[in-house]
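Consider the two complexes below, in which subunit A is the common component and subunit B and subunit C are the respective partners.
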Partner chain A sequence: MATMTTTNQAAASTRQERPERAARTISPPVDIYETEKTYVLLADMPGVMPSGLEVVAERDELIVRGRVERPAAAPDYQEFELEDYYRAFTLTEDLDTDGISATLRDGVLRVEIPKSPGVQPKKIPVRTE
Partner chain B sequence: MSIIDKVGALLPWRREPERHELAPTRAGGLAFREPGGPAFRDDLDRWLQRLVEEPLRLPGFTSFASTPRIDMHETDEEVVVTVEVPGVNGDDLDLTISSEGLVIRGETREERENKRRDYRLVQSRYGSFVRTVPLPPGLDLDHPKARLKDGVLTVRFPKVDTGPGMRRVPIKQQ
Partner chain C sequence: METRSMRDPWQEMRRLQREMEHMFTDFTPAWRWPLTGEYPPMNFTRGDKDIAVEALCPGADRASLEVSVVGETVTIRGERHAEPGVSDEQYHRRERPIGTFTRSLGIGDRLDPDRTQATYTHGILRMQLARVPEATPKKIPIQN
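Our next item is the complex of A and B:
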């Protein structure tokens, strides 16, 4: 409990320090679900235009970056910050990184990662003798 | 990995700090790991923020799980309300102005809601929501401009010099 309180206070002070804004990024909340042949990752990235989005899969890493257009003036009342997004994921070997596809719609990024053919469920024919 | 460990790995305070694991790794599954510290901390911040701040916000108007976050700012000409609505299509969004203020109703797209899926990690909010934003006096409520772009809704209300029913009183100088 003590750790939680400390972290929360640290977070509160970070939010108030304006000079740090340029370097700050937000980690977008992500849903991940599995289908038979793919993993689907959905990331909430409101404010990101398609031109400001970057999805890079390199070896075992998937990196998602999104640039937003920040409002000219600081809000008078604020519940969220429109900030650039950044989040990285580790990809395991059983994923087909060449087959990754991504779409962006209404501020939600959808990344589809196919499983390698080797790990997809295979039906084994049974012979009767 | 036992069930308890799997559940535990989802709880921020039970995560192994050196690995920053975000979801349990299944045998032959996908590992989600944050390589850097700041992003992970930001994630934790968000989680704490939800836990600590949200139940306190405008009780009565909104429910816990389905409240979009807003920013507001004011210039000499207008008041601007910005709402985070990722995953919401313009057709699923409804704006009304009532005596309570600006009422924003909406629904995230059905992919998340209707179908049961084999989820490994869920951090987003989805479903239907309603949020009422009280508006200050002195705004032209008949001519707001609303725009939905990339999951961000912006509603602008021009300011008016004289409100409805207001009349300037001339002063005679003697």
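Our next item is the complex of A and C:
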């Protein structure tokens, strides 16, 4: 499996879903990009309401869980089935886990993970004499 | 044994295919393919009076979403935008499709476009489609 870890500045690499999880879950598709100060993770999780969303960062792991409400009866014609979501990512030391923020809009989860101040590019002001 | 007869006739095709894929990968990375074909996936349930249709399309630009009903067919259109101001080099992973999508689904009942309702919540486009009432038999009086 390809990881998103770069050679010298690692952020998070996708981890295999844990085999011990018995409940059926879907791994949501994600985009991960990097800005100067943060890593941004976007995950498609349609059907999840804010009350059913859980984003947990503990130790070196970021876990995203989403619960969906399944319809009482199966549809007459069906191309998709709503399932709960689960995906875990490995966090590296260069990330500030205390500053993580998450928002949910139109079925897309957005998690912003600030880089630790030590790894953020520092601008050196240049004085002219 | 003639070496030529041992050649896999599909080998050249596969080589060409690989070259084509490589070529397209250079210009159009896999994560940027347009949303065509069977996107978004749809479900529907028939009720007594109306039909409830759901389409799974998270992150669609609300202004781009369109629902139209003609005859027995419902068509939805929309667009998913890329993140503004983010260059390709900034991405570590891109799995979410972006682009415009169009999907038509035949319901099998004549639909009334004037009584169609649609909402978009939590990334699911939900439509209530009303059937055109069946023509009721009319008694024709027989003249003497």
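The criterion applied here is as follows: the second predicted complex is superposed on the first by the 101 of 129 C-alpha atoms of A that agree within 3 Å, B and C clash if a C-alpha of one lies under 4 Å from a C-alpha of the other, contacts with A are read in each partner's own complex, and residues count from 1 in each chain.
Rule of thumb we're sticking to: contacts are C-beta pairs under 8 Å (C-beta built on N, C-alpha and C of every residue); 3 or more make two chains touch, one makes a residue touch a chain.
Keep in mind that this is a model prediction, so the values were computed, not measured.
Peer 1: In the superposed model on subunit A, is it clash or fit for subunit B and subunit C?
Peer 2: clash
Peer 1: What is the contact status of A:107 with respect to subunit B (first) and subunit C (second): first, second, both, or neither?
Peer 2: It touches subunit B and subunit C both.
Peer 1: Contacts for A:51 in the overlay, against subunit B (first) and subunit C (second): which applies, first, second, both or neither?
Peer 2: Neither subunit B nor subunit C is touched by A:51.
Peer 1: Considering only touches as defined above, state whether A:91 meets subunit B (first), subunit C (second), both or neither.
Peer 2: first
Peer 1: Which partner, once the models are overlaid, touches more of subunit A's residues, subunit C or subunit B?
Peer 2: Looking at subunit A, the partner in contact with more of its residues is B.
Peer 1: State whether A:128 touches subunit B only (first), subunit C only (second), both chains, or neither.
Peer 2: The answer is neither, since A:128 touches no partner chain.
Peer 1: Does subunit B (first) or subunit C (second) touch A:61, or do both, or does neither?
Peer 2: first
Peer 1: Of the stretches 24-32, 42-50 or 96-104, which one of subunit B hits subunit C?
Peer 2: 96-104
Peer 1: Across the two complexes, find the residues of subunit A that touch subunit B and also touch subunit C.
Peer 2: In the superposed arrangement, which is not itself an observed complex, subunit A uses residues 4, 11, 14, 29-35, 39, 42, 44-49, 71, 73, 75-80, 106-108 for both subunit B and subunit C.
Peer 1: List the residues on subunit A that touch subunit C in their complex, please.
Peer 2: Those residues of subunit A that touch subunit C are 2, 4-6, 11, 14, 29-35, 39-40, 42, 44-49, 71, 73, 75-80, 106-108.
Peer 1: Which part of subunit C faces subunit A closely enough to touch in the complex?
Peer 2: Counting only subunit C, the residues touching subunit A are 38, 41-46, 54, 56-60, 62, 83, 86, 90-97, 120, 122-124.
Peer 1: What part of subunit A is in contact with subunit B in the complex they form?
Peer 2: Contacts found on subunit A: 3-4, 7-8, 10-11, 14, 25-27, 29-35, 39, 42, 44-49, 61, 71, 73-80, 82, 86-92, 94-95, 104, 106-108, 113, 119.
Peer 1: Taking the touch rule as given, give the residues of subunit B at its contact with subunit A in the complex, in rising order.
Peer 2: Its residues touching subunit A are 13, 22-23, 25, 28-36, 38-46, 48-49, 52, 57, 69-75, 82, 84-89, 109, 112, 117-125, 148, 150-152.
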